[in-house]
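Dropping the structures in below, format is structure tokens.
Both complexes below contain chain A, partnered by chain B and then by chain C.
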Partner chain A sequence: MTRFSAGDHVQVLALGKEGHVRIPHYIRHQTGRVTEYCGTYLNPEDLAVGNTSGRAVDLYRVAFLQRQLWPDDAIPAQDTLIIEIYDHWLRSVKETENAP
Partner chain B sequence: MPHDHQHGEHEALIIEDEAGNIEAQIIIDALQQVLIGKGLLTAHEVTAAIAKLESPGLHLGAKIVAKAWTDPTFKSRLLSDGRTAVQELDIPVTEARIIVVENTAQLHNLITCTLCSCYPRSILGQPPSWYISKAYRARSVREPRQVLAEFGLDLMQDIKLVVHDSNADMRYLVLPEPPHDVERYTISELETMISRDHLIGVARGVG
Partner chain C sequence: MQDGKGPKGYHDVGGDAAGEIPMVELPWLHWEKQVEAIRGLLGDGTRRIVSLDEVRRGFESFGVEKYNTLSFYRRRLEAMTDILIEKGIVSRTELDRAIEAGKVRWSDLDEKL
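This part shows the complex of A and B:
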């Protein structure tokens, strides 16, 4: 049983972790919607320091409105960005207008 | 200019030029020289490994797309499980998952990797140098329509643009729209019409 399903509204956390993380700064704090569950993968934060026995983590694809990511009215309202986010970087949020 | 601040307060510095990491190249050259000198490696083994890395390429991507255009059941398998469908064509896929995203009359897909240079290498080989450049990585998410225009693609405002940042474990291929007269062509003719840029999404129309 995964924590999120396609269609769920989520916010990307800003965990402030040091070292090798795969959640770029531009997507932290942003709210979007899960489009797809991708399965479980070894955590790159563990792999980067040679730990290959860490717990596998759930990975999701999450969609965001480009207009919400970048303050620019010239961006067409329907344009979207989809990025992969590991479970521990996500929290559930109530429905938001700022999600595709 | 005095250098009186600690680098720890910044994000990690990446030492590279647009083509690659020069410092790493020097270290690798020295390491290879030592390993060959000690008889642990031969120059032939190194070139064979490079040849293996470079043997995938656009021809495999074009084969996948032409098959999808001409075989609807293959296309639906490709869109639901890219890795398994690609392997049907005897292409050894080493990536965990391949996600194939389909362009339509109303939708255009663009692939990028903002953090490094993730790319479906076991299918398409090594990415073009611009794909690895900091400029493409930053601008493909921040102002993708301008980037497309610089590639000669003026995407209509009413076509939805979806940018896929392949920041983690998935790898992506764009399935372009077939030419409107697709049935007029043989498979091999279709394959020659497909470019690497179509499969990344910086080009759109085929034929």
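This part shows the complex of A and C:
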């Protein structure tokens, strides 16, 4: 049983982690919607320091409105960015007005 | 960090102003393909000697100056050899010796051509 399903509203956390992480700065704190569950993968934060025996974590594809990410009125309102985010970087949020 | 979004590495440039994008197709050089091939073998599921994330961690700790001086594949190559040495899989001496041997081999070939 995964924590999120397609259509769920989520917010990206800012975990304050040093070292190699796969969650770019610009997406932290943003709210979006899960589009797809991608399966479980070894945590890249563990792999980055040579630890291949860590727990596998769930990975999701999450969609965000481009307009919400970049303050530019020229961006079409329906344009989205889809990015893969690991479970521990996400929290559940209630409906948001600016999620796709 | 002030904005509460946590650390932002020098490599994490998504959304930063970058000026004009040069629309030029870069060639994929033979040695660059070799770097990728070796990295693929070192990181595959049966070996797990050096993972791609380790390589990333490597060039993300180069320091911004070195990082910006090197090309995409040079970064990967440098980081990969750093990690092989860090893990004691090859020594610096072995690597230097192999590079010297390679140089001799190539210069011999140049003379024959």
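The working rule: the second predicted complex is superposed on the first by the 100 of 100 C-alpha atoms of A that agree within 3 Å, B and C clash if a C-alpha of one lies under 4 Å from a C-alpha of the other, contacts with A are read in each partner's own complex, and residues count from 1 in each chain.
One rule holds in what follows: contacts are C-beta pairs under 8 Å (C-beta built on N, C-alpha and C of every residue); 3 or more make two chains touch, one makes a residue touch a chain.
Everything numeric here is computed off the predicted structure, so don't read it as measured data.
Asks: Between chain B (first) and chain C (second), which, if any, makes contact with A:95: first, second, both or neither?
Replies: neither
Asks: Quick one: is A:26 in contact with chain B, with chain C, with both, or with neither? Answer first, second, both or neither.
Replies: After superposing on A, A:26 lies in contact with both chain B and chain C.
Asks: With both complexes overlaid on chain A, does A:49 touch chain B (first), chain C (second), both or neither?
Replies: Second partner only, chain C.
Asks: For A:16 in the superposed arrangement: first (chain B), second (chain C), both or neither?
Replies: So A:16 only meets chain C here.
Asks: Would you sort A:86 into first (chain B), second (chain C), both or neither based on which partner it touches?
Replies: A:86 sits against chain B, while chain C stays out of touch.
Asks: Applying the touch criterion given at the start, work out whether A:73 contacts chain B, chain C, both or neither, answering first, second, both or neither.
Replies: In the superposed model, A:73 contacts neither chain B nor chain C.
Asks: Take the contacts of chain A with chain B and those with chain C, and give the residues found in both.
Replies: Touching chain B in the first complex and chain C in the second, residues 22, 24, 26-27, 44, 69-70 of chain A appear in both lists.
Asks: Along chain A, where are the residues that touch chain B in the complex?
Replies: For chain A paired with chain B, touching residues are 22-24, 26-27, 38-39, 41, 44, 59, 61, 63, 66, 69-70, 75-76, 78-86.
Asks: Please output the residues of chain C touching chain A within their complex, sorted ascending.
Replies: 4-8, 12, 14-15, 48, 51-54, 56-57, 60, 87
Asks: Taking the touch rule as given, give the residues of chain B at its contact with chain A in the complex, in rising order.
Replies: Those in contact with chain A are residues 96-97, 99, 114-115, 141-145, 157-158, 160-170.
Asks: What part of chain A is in contact with chain C in the complex they form?
Replies: That would be residues 14-20, 22, 24-29, 44-45, 47-50, 52, 69-70 of chain A.
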